[in-house]
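Each chain gets a letter, A, B, C, D, E and F, in the order it is written, and its residues are counted from 1.
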Amino acid sequence: MPSARPDALAAWRLRSEPYYRPTAREVALFEHAWRHRLPVLLKGPTGCGKTRFVEYMAWRLGRPLITLACNEDMSAADLVGRWLLDAEGTRWHDGPLTLAVRHGAICYLDELVEARQDTTVVIHPLSDARRQLALDKRGELLHAHPDFQLVVSYNPHYHSSTKELKPSTRQRFAALAFDYPPPEVEAEIVAHEAGLDSTLAMRLTELARRTRALKDRGLEEGASTRMLVYAGLLIRDGADAREACHMTLSRALTDDPDLGAALHALVDASFP
Amino acid sequence: MPSARPDALAAWRLRSEPYYRPTAREVALFEHAWRHRLPVLLKGPTGCGKTRFVEYMAWRLGRPLITLACNEDMSAADLVGRWLLDAEGTRWHDGPLTLAVRHGAICYLDELVEARQDTTVVIHPLSDARRQLALDKRGELLHAHPDFQLVVSYNPHYHSSTKELKPSTRQRFAALAFDYPPPEVEAEIVAHEAGLDSTLAMRLTELARRTRALKDRGLEEGASTRMLVYAGLLIRDGADAREACHMTLSRALTDDPDLGAALHALVDASFP
Amino acid sequence: MPSARPDALAAWRLRSEPYYRPTAREVALFEHAWRHRLPVLLKGPTGCGKTRFVEYMAWRLGRPLITLACNEDMSAADLVGRWLLDAEGTRWHDGPLTLAVRHGAICYLDELVEARQDTTVVIHPLSDARRQLALDKRGELLHAHPDFQLVVSYNPHYHSSTKELKPSTRQRFAALAFDYPPPEVEAEIVAHEAGLDSTLAMRLTELARRTRALKDRGLEEGASTRMLVYAGLLIRDGADAREACHMTLSRALTDDPDLGAALHALVDASFP
Amino acid sequence: MPSARPDALAAWRLRSEPYYRPTAREVALFEHAWRHRLPVLLKGPTGCGKTRFVEYMAWRLGRPLITLACNEDMSAADLVGRWLLDAEGTRWHDGPLTLAVRHGAICYLDELVEARQDTTVVIHPLSDARRQLALDKRGELLHAHPDFQLVVSYNPHYHSSTKELKPSTRQRFAALAFDYPPPEVEAEIVAHEAGLDSTLAMRLTELARRTRALKDRGLEEGASTRMLVYAGLLIRDGADAREACHMTLSRALTDDPDLGAALHALVDASFP
Amino acid sequence: MPSARPDALAAWRLRSEPYYRPTAREVALFEHAWRHRLPVLLKGPTGCGKTRFVEYMAWRLGRPLITLACNEDMSAADLVGRWLLDAEGTRWHDGPLTLAVRHGAICYLDELVEARQDTTVVIHPLSDARRQLALDKRGELLHAHPDFQLVVSYNPHYHSSTKELKPSTRQRFAALAFDYPPPEVEAEIVAHEAGLDSTLAMRLTELARRTRALKDRGLEEGASTRMLVYAGLLIRDGADAREACHMTLSRALTDDPDLGAALHALVDASFP
Amino acid sequence: MPSARPDALAAWRLRSEPYYRPTAREVALFEHAWRHRLPVLLKGPTGCGKTRFVEYMAWRLGRPLITLACNEDMSAADLVGRWLLDAEGTRWHDGPLTLAVRHGAICYLDELVEARQDTTVVIHPLSDARRQLALDKRGELLHAHPDFQLVVSYNPHYHSSTKELKPSTRQRFAALAFDYPPPEVEAEIVAHEAGLDSTLAMRLTELARRTRALKDRGLEEGASTRMLVYAGLLIRDGADAREACHMTLSRALTDDPDLGAALHALVDASFP
C-alpha cells in the first residue's frame, strides 16, 4: 500500500514555515519527547498558540501534520477508517489517524476531552509502549511507523468536572502548559501578524491584559492573541480603532450587557 | 472538478439586488472584515434583517451566497459532503460548505448556536489563519478559495445559559450587533416592502414599538419588522386594519390569554 | 422533471368539495394571506375543524393539498427527499414538501410544534421573502412555485412550556385562531355529518358544551365536534343513545374514575 | 397490485372460530361501530380477553385480522412499508398497516400507548373522515379499502401519567371498556379452555378473585383469566393442584416476599 | 425451506447429556408445562444452575436448544431475522427465535428483563394461545412448530424497581423458582464437576454458605456453585487452597475493602 | 475456513519476549487458571502493568493475544463480526473475539466495565462451562478452540457505583489483584525500561510514592510506573530532571492549581 502512492501524506506537509514566537523552553522539551516519540499533551486557553506551536514543530521536524478537532459526534471509524462500497465491492479507506500511523505523521487531536469514549480508547495502545493501532474491521494490527507521534490538546479552563480526561488517558502523555505570552512577546506577535507598528500593538496587548482581568467579574475568557491580530488588521485597513476593537473584542467576547459595557469602557479608555 | 462544470455556484448567485436599508456603519465594517476575509458573527433578534443584510453584502461584493440553517440534527456530513453510491460505484458529493470553500462563496450559517458540536468544530480550521477544511472521508485537505468567507448569526436573546457559543468558537469572529431599526427607518422599510403610504407605515411601526415594550411583562419577543410588512400587505389588499394586525401580530406573537389581550388592546388603540 | 409526468400532484387534488361550515371571517382572511402567499398558522383545539378548513380552502382555491402530521421521528429527509438506490444507481426522490414547493401545492404541516428542529428550520427560508428550499443533498436551491403556500397548525392548549414554537418560527406566519363552533353552528354540522334531526343534534351539542366545562375539574379536553358526529352515527344506526354516548364520549375522553363518573352522569342527564 | 396475488391477506384470515364468551353488549356495539367503520379503542387489564374479542369479531365479520404489538422501537416504516433492494433495484414492500388499508383487513394495534409518536400520528388520517394513509416514501396517497377498520387497545391501569394517549389521538376512537368476566362466566371460560369440571373451575375463579383483592396491598395485577387456564391445564395433566397454582399464579405474579407469602397462603387455603 | 436443509437445528442439538442434579420436583413440573407447551419462567440468583437445568431438560426431551442472552442493545430483528443483500438481491435470514419457532426448538431467553421493549412484545403472541410470530418485514405470519417451547429466566434479586417484567409479560408464563442447592447436594455437584473428594467439596460448600450470609452486610451476591467449582479445579491442580479461594471467591466477589477483608477472613478460617 | 489461511492469528503473535518483572505469585496462579481455561479478571490501577502481564503470559504460553479496549460505543458486532458486501454478494467477516474463539488465542478485554451490555452478555456463554459463542447473524454456534482463554481487566478505583461489573458477570472469573510494585522492584523496572542508573531510578520511584500519598488530598491517581519511565527517558536524553518531571508528572497528573503546586514542590524536593 505505501508503494501504491508515492507520498500518501503529501496533502498534510506544511507548505511554508509557520510564524511561531517561542515564549519559554517549549521547543526543546517537545524535541526531547519527539526523540522518544512520547505522546505530548498541550494544555492552555483558547487562541494562545497551541495549534500554531504544533504546526511549527511539524515544520521544524520535517513531518506532515494531520489535525483532527475532537467532538462528541466523531466516531472511532472517523479516525480509523471504514469500508467503502465500490464498483468492485468494498474497499478499505484509511481514516486520518491510520494514515498518520501507517505513513509516519504527527497526528494532532485538538480538544481531546470533547471526544467520545470510543475515540479516546482507540489511542490508548498508540500511546504506550505498544504503539499499535487495531483495525478490527479489517483484521489488521498496525504497528506505528517510526516517525508517528501523537499530540493532543485541551483547555482545562472551561470544562466541567464531569468532562475531564480520565487518569488512564492523562497518564499516557508528557504535558506542556501554555498561556498567553508575556506583553512584549504578545505585542511582537501582533505587530508581525497584523503589520502594525509596535506602539499600537503594545496598546492592543495592554487592552487584552485588562479584558483578561475581567474573568474575576464573570467573563468566560479574556481577549486572545488572535483577537488582537483581528483588531490590528481592521485598524491597518483604515477602520476606526474603537470600532475595530468593539467589533473584534467587546461584541465577540460576551452577550452580557454589564460585561459588554465594561469591555466597551476598556476599549474607549485604550483609544481615547 | 472546477473545470467539470463552468460555474458550480450558479444556483447560489443572487438574481437581483436585495432591498436593504443600512442603519449604521455595518456595511463599511463588513467590508473591512471582507478585505481580510475575517469570519463575521451577526448578533440580533428574530426578523430584524440579519439575513437580508448578508444577502445585500453578497450582492454588493458580487459573491454567491450559500445559506444553512443550523440545527441539532444537521451532521458534519450534511455540511462537508458524503460518498453516494452510483452505477459506477461511489462518487463524492460536496456538501454546501465544501462548495463554498472550494469555489469561493460566502457561507452563511444561520443560528450557529443550534448546531451540534461536530458541525461547530468543522468550521474552526476555516475560521483561523489556516482557512482549511479537512474532508477526512475523502482524504483531502482543502485550502479555502481566496473569495471564501464565513458568516454566522445567532440571537443572543432567547438562548438558555446551557446553549451558548463556546469561547473557543466566539473568539474566531469579528462581531456586528443588529437590532430593530430606528422608527423612521423601520417605517421607510415597511412602506417600501408592503407598498404602503408613510403614515400607515409609521402607525404600524409605532404599534411594533409598543409590543416590544411588552417584553418586560413576559412577551418573548415583540413584533418584528417582517410582521409589520405582513400586516401592511394584508391592509393594502383590502383587509380591515385591525383584523390584519390581529392576524399577523397579536395571534402570532403569543398563546398566553393575558398577553394576547394586551396585544389586542394595543392593536385596537392603534387603529381606533 | 415537471414534463416527465403530466400532473405530479394528481394524487393530492381533492376529489369532491369538503363540507365546511364557516364560523367567522376565516375564509376571507385566508384568501387575503393566499393572495400574498403569506404562510398561515392555524391555532385551536383537537377536532374543531382545522384540517377540514384547510381541505376546504384548497378546494376553493383549486390547489392540491399535501398534508404532513409532524412528529419527533420525522426527519428533514422525510420532508425534502432522498437518494434511492436503483438498478442504474441512485435516483433522487422528492419528499412531500419538495413536491409541493416544486409543483405548487398547499403544504399543510399538522401539529408543527411536534416536529424536530431540523424539520422546523427547513421551512424557515420557505416562510420569508426568499421562498426557497435548499435540497443540499442534491445541490439544488429550489425557488418555490408561484402557487406554493405553507400552512401549519398547532394546538396551544396541551403543550408544556418546554414544547413551544420558537419566536423565530412563529413570527413567519399570519395566524388564525379556531375554537369549537357556536352551539347552533355545531348542531348544524353534527346534523349534516351524522344525518340526524336537529333536535337530537342540538342535544348532543349541549352535552358537549357541558363536557368542555369539565376542563376546570381536570379533564384534558372536552368532547370535540368529531365525537358528536361519531355518537350521532351510532344513534342513527339504532344504538341506544346512552350507550352510544358512553362509547364515543365518556370512555374515550378519560380513564380517571371520577371524571368518568362525571361524564357518565352528564350523558345520563342528557338522555334520561 | 391487488391482482398480482389473488388474496394478499390469506395469511391473516382466521382458520377457525375463536372461542369467545360475551359478557355484555360489546358484540353489538362493535358491530354498530363497524357499520360506520369507526375506529374502536379497547380498554382493560392484561389477559381479560381483549385480543380474543378482536379475533372473534374478525371471524364474525369475515375479515382478516392483522395484529401489531406496539412498542417504543417500532418505527413508522415498520407499519407503513419500505423500499427493499432487489436484483432489479429497489422494490416497495407494503408494511402490515398498509396491507390492511389497501386490501381491507381489521388492523389491531395492541397497547397503542407504547408506540412512538411517528407511529401514532400515522394513524391520525386513517382514523378521521379522511381514511387516508400517506406513503410519503412512495409518493402515494392511499384511500382506505371500504372494509378496512382500525382497532387499538391499551391497559389504563399501569401507565404512568407521562405515558398516556394524547387527546388528539383518543378523540378519534369509540371506546369499549373490558374487565375480568363475572365469576360464573369466568368459570365457564376456564372449564371450556382447560377441560376442567365446573367445580374446580369455580374454585380457581374464586382464588383469582382473592388475588385481585391484593391490589390494595401493592400487587400490580391479580391473576388473569389466562393464568387460571394455565393452572387448570396443569391440574388436568396430573399435577398437584397446589403446585400447579404456585407455578402459574404465586410465582408468576410477584417477586416480593410478602406478597408471595400472601399468594401462597391463598393458594393453600383454596386447595387444602 | 425446511426441505432445503435436512436439519436446520443441527448446531443447536446437545452433543452429550449435561450433568444436572435435581433439587426438588422441578423436572416433573417442567414436563407438565412442556406437555401443554406452556411458556416457562425460571427465577433465581446467578450461577445457581438455571442454564444447566434448561440444557438438561432439552436433552431429556430430545429438543434442540437455542439460547439468547437478552440485553438492551438486542433488537427485534436480532431475534426475528432480516433481509441480507446477496449477489442475486436480498435474501431473508431467519433469526434464532424464528429458527426455533419454525423448526421446533426450545428457545431460552436468558435474563429477559434486560431486553428492550420491542424484543419483549415480539414474544407476546408466541406465549399465549395464538403461538404466532409475525415476520412483518417478510409479510409472513408464522404458526409455531408443535415442538416449539419458550423458556425465559431472570434474577429477581438485583433489579431495580424501574426494571421489572411488566404484568402483561409475566402473566404469560408458568414460573419455577431456583436457589442455591442444599449443602449436601451442592457438595455433590462440586465434587462431581471439579473432581474433588467429598470432604473438600463440603468445606467449600460451607465456605459458600458463609459468604452468602454477608448479603446482610452489603455483599451483592454470595459465592455461586460455579465459583466453588472454579476453586475446586485450581486446588485439584495443585494450587494452595487459600490462594485458590482468594482468586476465585474473595477478589471476584467484591472491590469493597471491608467486604474483601471479611471474605479473606472467611477463607482463612476455612483453610487454616 | 482454518485451512483457507495457514495462520489466521499471525498478526497477533508476539514478536519478542515482553519485559515483565513479577511481583508475587501471579504467574503461577495464571498458569493454574490457564490449565483449566478459567476466565481471568485482572483488577488494578492505571499503568501498573496489567497489559504488560497479559502480553508476558501470552508469550510464555505461546499463544497469540488479541486485545480490545472496551468502550460504550463498541457494539457486539464489533466483537463478533458482521456481513460485508462484496463483488459476489455478502461475505462474513469474523470479529476479533470470534477470531480468538475460532483459532485459539487469548482474548484480552481491557476495562470491561466500560463496555455496553450487549458486549458484556456476549462473553457470558464463553465464560462458563459452555465455552460457546453464538454467531446469530450467521446461524452458527461456535464451540471455543481448546486454546482459547478469556482475560478481562478493570480499574476498581475510579468507577462510580452506577458503573460496576454485575455479579452475573463477575462470578464467571478467577481474579488477580494488581498494584504498583514495591519500591525496589519498581526502581528495577524504571532502570531497565528507561536505561537509567539505579540511584536515579530509586529517586523517581520515591517521588512516585509521595505523589500517590496525595490521593488523600484529592489527587485522582498518583504517578504510575509508566510515568516514571517517561521521566527517565527525558532525563537520559539530557533534559533537566526537574523540567522532565514537571512535564511527565506534575502537569500530566492534574489541572488543579493547589494539587499542581503540591506536585511541583515534591518534584523540586526530589531534585534539589
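Throughout what follows, a contact is a pair of C-beta atoms (placed from the backbone, for glycine too) under 8 Å apart; a residue touches a chain by one contact, two chains touch by 3 or more.
Since this is a predicted model, take the numbers as computed values, not measurements.
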item	value
Centre distance in Å when chain E and chain F are each reduced to the mean of their C-alpha atoms	30
Centroid spacing, where centroids are CA-atom means, of chain D and chain F in whole angstrom	52
Shared-contact residues (touching 2 or more other chains) in chain F	85, 88
Chain-level touch network, classified as line, ring, star, complete or other	ring
Ring walk, chain B to chain C and onward	B, C, D, E, F, A
Interface residues, chain B side, partner chain C - complex	11-12, 46-47, 51-52, 67-74, 78, 84-88, 93-96, 99, 110-111, 114, 155, 158, 193, 220-221, 223-224, 226-227, 230, 233-234, 237-239, 243-244, 247-248, 251-253, 255
Residue numbers on chain A that touch chain F, as the complex places them	25, 28-29, 32-33, 35-36, 38, 41, 43, 75-76, 83, 85, 88-90, 116-118, 120-122, 124-125, 128-130, 134, 136-137, 139-141, 156, 164, 166-168, 170-177
